[in-house]
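To keep things clear, I will list the structure first and then write my remarks on it.
As written, the chains take the letters A, B, C and D, and residue 1 is the first residue of each chain.
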Amino acid sequence: MADIKTIIASRVAKELKDGDVVNLGIGLPTMVANYIPKGIEVIFQSENGFVGLGPVPDKGNENVDIVNAGAQYVSVIPGAQFFDSATSFGIIRGKHVDVTILGALEVDQKGNLANWIIPGKMVPGMGGAMDLVVGAKKVIIAMQHTQKGKHKILKECTLPYTALNVVDMIITEMGVMEITPGGIYLKEIRSEFTPEQVQAATGAELIISSDLKIWK
Amino acid sequence: MKNKTKTVYEAVENIKDGAVIMVGGFMATGTPEIIIDALVKKNIKNLTVICNDAGVPGRGVGKLLSNGQINTLIASHVGLNPEVAQRMNTDVEEDKLNCILIPQGTLAERIRAGGSGLGGFLTPTGVGTIVSEDKQVITIKGRDYLLEEPLRADFALIRGSVTDRFGNTIYNCSTRNFNPLMAMAADAVIVGTEKIVEIGELDPNFVMTSGIFIDVVVGGEKPWQI
Amino acid sequence: MKNKTKTVYEAVENIKDGAVIMVGGFMATGTPEIIIDALVKKNIKNLTVICNDAGVPGRGVGKLLSNGQINTLIASHVGLNPEVAQRMNTDVEEDKLNCILIPQGTLAERIRAGGSGLGGFLTPTGVGTIVSEDKQVITIKGRDYLLEEPLRADFALIRGSVTDRFGNTIYNCSTRNFNPLMAMAADAVIVGTEKIVEIGELDPNFVMTSGIFIDVVVGGEKPWQI
Amino acid sequence: MADIKTIIASRVAKELKDGDVVNLGIGLPTMVANYIPKGIEVIFQSENGFVGLGPVPDKGNENVDIVNAGAQYVSVIPGAQFFDSATSFGIIRGKHVDVTILGALEVDQKGNLANWIIPGKMVPGMGGAMDLVVGAKKVIIAMQHTQKGKHKILKECTLPYTALNVVDMIITEMGVMEITPGGIYLKEIRSEFTPEQVQAATGAELIISSDLKIWK
């Protein structure tokens, strides 16, 4: 069986539409690039300064002047463009990125997100995350449903916010959820789980779709 | 147009203890290592460094940090250099690092504003978060924005790929990042570059930073060895 | 990446009476004449045009003006097209041109803000002048600035020198001016270009406008004949 | 004898220092480029998008893609750079232009400038002038001392302002004046004129330098 990260990444990939400009966060979100459905062409933006991000080159074939936002050596595809950081975030804030996919420490039912700091413990900085979630047309959180059993999807975030009212969708190994004005709407559930199990793993009340799809 | 090439030691001659320095680069890609090395050798202290991140130990701004030369670091992300957390949490008062975190887009735009004579700008980024503390919130057409102020420095250290003797510079691929912004936002700008060419060799359509912003050109930057 | 080339008539199909249109170019250098010609032929009316200037009679935006298609012109300078003054001062109500003048740097920056998701910016330009009327003055470190808001349009018509089929564009020399800014600040963007090349032919270091902003690519622009 | 415009332009050119980045307005100021002293190298900025503006090309040798801010065909020198309008005005407002030279309808003793509109009569627009005078390190007004005998240098401008407190120096066919906190300081006078004549042609009280230089 595929591992949890692969399950999540491959499901997230199905949300992408042909022609979308997409920014992938570090870690699990980066894996989404490996599962783009056939016939769908997606253009990846890298916030350190380019559109048209391509695959990781083979060892020995790296161009040391091309790194992604996680400082890995990557490549560009034909039709790419490099630019400076002000232009890059102009693209991001200016709604030219269709989808941004990133991880979270906590998400709440209002679509508030916390993913950049655990006070007194981990202070990595927000990097481009605050701009990305505010600027992208659609924000998808790709993460494991719980952190060692502890709820990450909450009524209200307890950690400092990355941004307010920005999350559109949460995809975990348990299901696909949409943030709606009424709360968190469970749209699709993975066949391994029951709605009760997903609810138990969630710190906010879920609205279970009357037309709940099963995700195999 | 003037020939601005100098040795790296001449280039850093005026940088003193307590200087505010912008350093180009993203996780050290696009950071002028030879200028950083000269600052490490010079061992000036109490620097305020403005850089996207803290580099990596042994690379870019990370070298200045390891050598205890940075008093204040203004950056967007420091998680990939473990020394930052160590120095932020040290009990040795004189080693303590003051780290100011700014969203990456806001950092880039503040530097651009500093170089472009703007008094500030309104960004939706950071509204409702810690970042908004002590900042003015201005509502335009029903949406809230933070008023962010410009950022400038005494020196900017930038890294070119090809530079002519006047300072006109081209950056290769993702080495561009903060370099062209910082080149406009400091009182003195030093470019460390891989290849120096004669004035007139670069196509004026493709020059990314004009030599009018550059004070000193230093050759000898090398591609990073993996 | 997609091939976005279309005929000029397909390109302007969705532009209707009353549209707000940004047009690149500075005194028509850098204006897409073939797209302007198609709009003249289509004869849509009541346009709001955002352009640095009014072009010249018979060239650029000047053609739309002569044909009575512009209701409101937002520009920085209109002195080199005598038709503007005529139309501003006409007694024929339906021919009357509403002309809004904005300092050139503020116009450029407002368009950039519109394309970059900023809520506005603070500029020292225009403080104490007519330009400041009805605008908020904000004082930062003792200096007064005007708060200027972003500008966007329904359509942007830009002119490229070399464009690939996806829309990646390079501008030659001083044809660049407002084009890259407008390409980011409109809901739909049409580039008229001199030379169309295949995707991958342009060096990603030197592309000036990414195809991600472009909706339609139209070939057939010609160098201006003196 | 040289005509008045040549006299003014050639005197203005002496104010430029080696290495200065200079923006020249349309008309008389454009002529300054013809009189740069030997041994002085000046770099001209053109607000429509480049630094390194060069001479007007011979007829038949024009590059139609290179025009200056007055829409004339020009050229660029080796070491030039083209950029977009936002960058151009970033350069201008950001104090990267050392000197801007332009004409005026009126200048007053506080350094206020009016040069873009005569209400009800002439409404050409301000173009880049408002940004240039606010942004350049030094603002030199190059103009004829009076308009058909009517004062242009005044106690207080009567026309709408281009900007407040921005003019550093006024150079006319009569002399060289500096705007100081105390008022307009006549620093240099052309040998054809007496201080009384210059004062009579000026609508504000002049402070005559005790060390008044004669400009021949």
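Following the convention adopted for this analysis, a residue touches a chain if its C-beta (ideal position, glycine included) is under 8 Å from a C-beta of that chain, and two chains touch if they have at least 3 such contacts.
Owing to the predicted nature of the structure, the values given are computational and were not obtained by experimental measurement.
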{"item": "Rounded Å distance between chain B and chain C, as computed from the means of their C-alpha atoms", "value": "33"}
{"item": "Centroid spacing, where centroids are CA-atom means, of chain A and chain C in whole angstrom", "value": "35"}
{"item": "Distance between the centres, which are taken as Cα means, of chain D and chain C, whole angstrom", "value": "29"}
{"item": "Gap in Å, rounded to a whole number, between the CA centres of chain D and chain A", "value": "55"}
{"item": "Interface hub residues of chain A, defined as touching at least two other chains", "value": "50, 76, 82-83, 89, 92-93, 134-135"}
{"item": "Chain B: positions in contact with at least two other chains", "value": "109, 112, 117-118, 123-124, 171-173, 204-205"}
{"item": "Touch-based graph of the chains, sorted into line, ring, star, complete or other", "value": "other"}
{"item": "Those chain pairs that satisfy the touch definition", "value": "A-B, A-C, B-C, B-D, C-D"}
{"item": "Chain A partner contacts - residues on chain B that touch it in the complex", "value": "26-29, 52-53, 56, 75-80, 85, 88, 99, 101, 103-109, 111-112, 123-131, 161, 171-181, 208, 223-226"}
{"item": "Complex contacts: residues of chain D adjacent to chain C", "value": "46-50, 62-67, 69, 71, 73, 76, 82-86, 88-89, 92-93, 117, 122-131, 134-135, 160-164"}
{"item": "Residues of chain B defined as touching chain C within the complex", "value": "109, 113, 117-124, 138, 140-141, 143, 145, 147, 149, 170-173, 204-206"}
{"item": "Interface residues, chain D side, partner chain B - complex", "value": "19, 21, 41, 43, 45, 50-52, 76-83, 89-96, 134-135"}
{"item": "Contacting residues of chain C [partner chain A, same complex]", "value": "1-2, 112, 115-118, 164, 166, 168, 184, 199-200, 202, 204-205, 207, 210-213"}
